[in-house]
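These are the structures in question, set out in turn.
What follows is a pair of complexes built around chain A, which joins chain B in one and chain C in the other.
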Partner chain A sequence: MEFLKIYGCYVKMFIKARMEYRCSFFAGLFANFYCYFITYTTFWVITQQFQTIDGWAFDDMVILYGLNLFTYSVAATFFWYNVLHLEQEITSGRLDGYLIRPMGLLQQLVCSRFGDTALGQISVSLIFISLCIVRINYKMTIFTYIYLFFAVIGGVLMQMGAMIIFGSLSFWMLRSKALADIIYFDFRTFVHYPLSIFPSFIRIILTYVLPWAIINYYPSLIILQKVHTTEEFVLGILSPIIGILFFMLSLSVFNRGLRRYSGSGS
Partner chain B sequence: MHFFKITIKNSIMYRWSALFSIIGSVLYIAIALMLWRFLYQDTPDMVSYMTKYTIVSNIIGMFYARGMAERIGGKVSSGAFVTDLIKPINIFTVSWQIELAGICSDFLLRGLPVILVYSPFLISNTGYYNIPAVLISIILGHILFLLVYSLLGFLAFILIEIWPFVRLLDDTIRLLAGGFIPLAILPGFISSIASALPFRYLYSFPLELLFATVDMSKLIENYIILIIWICLFAMLNIFTYRLALRKAVVQGG
Partner chain C sequence: MEHLIQVKKLSRDYKVAKRDGGFVKFMFSRKYKVIHAVNSIDFSISKGELVGFVGPNGAGKSTTIKILAGILSSTSGAVFVMGNDPFKKRKQNAYHIGVVFGQRTQLWWDLPICDTFKLLKKLYKVQDDIYEKNISLFKGYLDLESIWNQPVRQLSLGQRMKAEIAAAILHNPELLFLDEPTIGLDIVAKRQIREFILKLNHEYQTTVVLTSHDMKDIEEICDRIILIDKGVIVIDCPVKELKHSYNKMAIVKVNLNEPVRAFNITGAKGISEANGLIWSFEVDKTVITTGHLVFEISKIAEVCDIEIKELAVEDIIHDIYINGV
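Up next is the complex of A and B:
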C-alpha cells in the first residue's frame, strides 16, 4: 500500500513535468495510438484480401493481437523504460545510486519512469477489442467475460515477467537489449498471427520454450471457441496461473542477478 | 571513411548484440515469408513472387537511414546545433556522412548475412529486370528518405520532441510504401492515398521495376515525379534551415 502511494506521487509529478511540454506529451500518445492503429489496418487489409487467415477473420485477429498488445502496454507503463532497459542504468553507472536508497531496487526502477506513451497503445487496443466484443457478442458468455478478465491479468503478469527477465540479464551480460529484441520482440511477432499457419516446431517453441503463445493465442482460442485439442484447452485455462508463476520466476531471476552485481566499472 | 570505421567499430563493440541483430533480421523476414506462403498456398507463382518481394524489400530498407531526424533533432534540442555553426562543415552534410557510414556498416553486418541466408530463394526464383534502373531508383529513394527525415529533424526547433513525429512517419511509410504489403493488394482508398504520396517510390517503385518489364515512358515519368519530390523536400529543408538560422538566439558561452 505504501509503495502504491509513493508510486502515485511519482506518476503525478511525472505527468506534471510532461505537461510542461503539452504538445510533445499528446504527440507521444498519438504516435503510439497511430502506430498500432496502422498494425490493425494491416490485419484489416490482409483479411479483406484473403477473407480469413486460417479461419481467423478480422474480429478474431483483433482479439488475438489485442490481447497481446493490451497486456504488453499495461506491463510497459510500469516496466518498459527502466526495467527492460536496465542495461542503460547499469552501463551508465546510475544503478549504484539506486542501491544506496532505502527502497527496493525494482520498486525504484518502476517509480523512476512512468510509461506514459503506452497509454496510446492501451487506448487503441481497448477501442478495437471493445468494438470487436460487441460484434462477436454471440460468442461471449458470462464465463467468457470472467475468463477474459483473468486471461488479461495472466498476460500482463507474463509480459511484466518477460520485461524483468530480459532486463535482469544485463546483470550478467551488461547489454541485454539486443537479446530481448530477438527473443521477446521478434519471436512475439509470431503470436500476432494464428500459430496454426506456422510449422509445428514454432508452435512448440512458443508454447513450451518461449511461452509467448500463452499470453494471447491460447486465451483467444478459448474466447473465440476455436479450441480443438485438450492441450489447447488446458493451456488456455491455465494461462492466468502460468502468468503468475512466470512473474514469480522473473522476480527470482532479478534477485539472483542483483546478488551477482558488483558494479559496471563505469 | 573515418565515419565508416568508427561506425563499424561501434557496431561490433558488443559482439553478441551484433549477432542478435543479424538473427533478428533473418527471423523478421522468415515470419513474413511464412505468412505469405500460407496465404498464397494455392498459388505457387504468388508464393515465389512474395518470397522475392519480401526478401528484396527488406534489403532495400537497409539503404534508408532513419537516424537523420534524431541526429539533427537531437542537436537542435540539446543546443549542440550552435557549436556546429562555427565549424567549417554543414550539419546536413555531416549527418548524411554519418548515416552513409551507418548504412555501409549495417549492410555489411546485417545485409550480407541476410542475402547469404536467403540466397537460395533469390537464386531459384529468377526473373529480375531493369537492375540499373532499380539501383538508380534506390539511390533517389535514399535521397528522398534522407530529406524527409532531415526536414523532421530541423522541425525540432518548433516541435521540441520529434520522436513521435518520426514514429508517425515510420508507420505511414510502413503501410503506404509497399515494403510489407504490395500496394496492388491494398484496398482502393488506401491505394489512392499511397499513390498521392511520395513514399511508394521508396519500396514499391524499385520492386515493381525489379520484378517486371516496364514501359520506358512510364519509367521516365516515375523518375521525373520522384525528382520533383526530391526537389520539393530539398527546398523545404533549405527554407527551414535558413529560417532556423534567422530565428535562433544563442545565449551564454
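Up next is the complex of A and C:
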C-alpha cells in the first residue's frame, strides 16, 4: 500500500515533467497507437484473403495477438524503460543514486519512469479485444470471462518477469539489450500466429524453453475452445500459475544480479 | 565518544580485464588482473566529527564512501555504520545517511526543486513539522527561495549543488557524505556551501565525511584529515597537527634599505633579487625561528618590509603525493 502511494506520487510528478515536452508526449502515444493499429489491420487483410490461418479467423487472431500485446504493454508501463533497459542505468552510473535510498532497487526503477508510451498500445489493444469479444459473445461463458481475467494477470506477470530477467542480465554483461532483442522480441513474433502452423520443435521451444506461448497461445486455445490435447488444456489452465512462478524466478535473478553488481562494482 | 563509523581491516578488490594483445585476443580470451582499490584500512569516526578524505585520483576515496553508503560490498574486513553493516542493512542505513555525488545529479531534471523535495519527503517518511522547518532553513541559508519553483535544468551549477545538498539532508541524517561537493563552483558558492556545512555540524552535530581536491575545503571545514593513497591510509590526524608537523619550512622575504651582497645564517638559505635589495630565505624551522632570522638580518641591514609565507595544506599534500610521508 505504502508503495502504491509513493508510486502514484512518482507518476504524478512524471506526467508533470513530461508535460514540459507536450509534443513529444503526444507524438509518442500516437506513434504507438497507429503502429499497432496497422498490425491488427494486417490480420484483417490476411484473413480476408485466406479466410482462416489454420482454422483461426480474424476474431481468433485478435484474441491471440491482443493477449500478447496487451499483457506486454501493461508490463511495459512499469518495466520497459528502466528495468528492461537497466544497462543505461548501470553504464551511466545512475544506479548508485538509487542505492542510497531507503527503498528496494526494483521498486525505485519501476517508480523512476512511467512507461507513458505503452498507453498507445494498451488503448488500441483494448479497442480491438473488446470489439472482438462482443462479436464472439455467443462463445463466451462466465467461466471464460473469469479465466480471461486470470490469464491476463498471468500473462502480465510473464512479460514483467521476462523484462526483469533480460534487464538483470546487465548486472553480469553490462549490456544485455541486444540479447533481449533476439530472445525476447524476435522469438515472441512467432506467437503472433497459432503455434500449430509451425514445425513441432518450434512449438517445444516456445512452450518449454522460451515459454512465450504460455502468455497468449494456450490461454487463447481455452478461450476460443480450440483445445485438442490434454497438454494444451493443462498448460492453458495453469498459465496464470506459471506466470506467478516465472515472475518469482525473475525476482531472484534480479537479486542475485544486484549482489553481483555490488560485488564487482564496475 | 560514540563511534558512528567503524572500519576494520577493510579491503576491496576489483577485477579488471587486461587489455593487452590484439582485438581478437581481447574478445575471446580475457585475463583478469586484481586491483586492490582499498587495502586493509582501519579507522573510526565519532559523532560530530568533520573528516576530510584526501588522495590523488583513483586512491580509493570514492570506493570507501560507496562501501560506507552501502552501495558496494567489501571484499574482506568489517564495516559498521551506526552499529550496522551498511551493505546488509542498506535500506535501514539509508535513513541515517545523506549522500551527495558532486559529479552526478540526484534531482529531477525537468521538475522544479520543490517537487523533488515533496517526493523525498514521501520516500523518507519525513514528518510535516520537520519538513517545514528544514525547508525554511534551506531557503534561508542556501538561497533556495528564489529558485524554488524553477526546473532543475535551468539552474546554475552553484544553485544546483546547493539544492543537492539540501535534498541530501532533508531527512536529518546523522551522517553526511559529500563526494566533491564544490567541484566546478565559483568562490561565492563554495564559501556558502562551506559555511552551511559548518553550521549544520554545529547545530545538529551532523557528522560529515567529505572528499575534495580543493584543499581550501579541507582546511576550512574539516578538523581531521585522512589521506589515502593506493588504497592505504597514509595519514590520519587533525588538520592542525598536519600543518604543524609537516610545516617545517617557511619562506621569509625581506626588503632592505641598502643592498647586501651575502648573508651567512645557518638554517636559512637566501637568494637575492634586485641587486641585493630584496632577499628571500627558505627557513628550516627546526634550526632557526623566523623571528631569530629577522633579528640576524637586521644586525646587518635595516629591514623595511617583511613577508612570511607558511606552507598551505595544499603544498603539504602535494609534497606527500610526490615524495611520500
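The rule we apply is simple: the second predicted complex is superposed on the first by the 261 of 266 C-alpha atoms of A that agree within 3 Å, B and C clash if a C-alpha of one lies under 4 Å from a C-alpha of the other, contacts with A are read in each partner's own complex, and residues count from 1 in each chain.
As a working rule, contacts are C-beta pairs under 8 Å (C-beta built on N, C-alpha and C of every residue); 3 or more make two chains touch, one makes a residue touch a chain.
These numbers were taken from a predicted model, which means no experiment stands behind them.
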Query: Following superposition onto chain A, is the placement of chain B relative to chain C best described as a clash or a fit?
result: fit
Message: If we overlay the two complexes on their shared chain A, which of chain B and chain C does A:Cys9 touch? Say first, second, both or neither.
response: second
- prompt: Counting only touches as set out at the top, which of chain B and chain C does A:Ala27 meet: first, second, both, neither?
  reply: first
- prompt: From the CA centre of chain A, what is the angle out to the CA centres of chain B and chain C, nearest 10°?
  reply: 90
- request: Would you sort A:Phe187 into first (chain B), second (chain C), both or neither based on which partner it touches?
  value: first
Message: If you tally the residues of chain A touched by each partner, is the higher count for chain B or for chain C?
response: B
Message: Just checking: does A:Ile53 make contact with chain B only, chain C only, both, or neither of them? Give me first, second, both or neither.
response: first
Message: Quick check on the superposed pair: does A:Trp172 touch chain B, chain C, both, or neither? Answer first, second, both or neither.
response: neither
Query: For A:Gly263, is the partner it touches chain B (first), chain C (second), both, or none of the two (neither)?
result: second
Field: First (chain B), second (chain C), both or neither touched by A:Tyr145
entry: neither
Query: After lining up the shared chain so the two structures overlap, which partner does A:Pro102 touch, if you call chain B first and chain C second: first, second, both or neither?
result: second
Field: Gap in Å between nearest CA atoms once chain C and chain B share a frame through chain A
entry: 7
Query: So which positions on chain A get touched by both chain B and chain C?
result: 21
Contact set on chain B toward chain A in their complex: 14, 16-18, 20-21, 23-24, 27-28, 31, 34-35, 38-39, 159-161, 163-165, 167-168, 170-172, 174-175, 180-181, 185-187, 190
- line: Counting only contacts in the complex, chain C reaches chain A at residues 14-16, 63, 66, 69-73, 87, 90-92, 94-95, 97, 99, 101, 104, 106, 108-111, 115, 118-119, 122-124, 151
Footprint of chain B on chain A - complex, ascending: 21, 23-24, 27-28, 30-32, 34-35, 38, 41-42, 45-46, 48-50, 53-54, 173-175, 177-179, 181-182, 186-187, 189-190, 193, 197-199, 202
For the chain A and chain C complex, residues of the former touching the latter: 5-6, 9-10, 13, 16-18, 20-21, 93-94, 96-97, 99-104, 259, 262-266
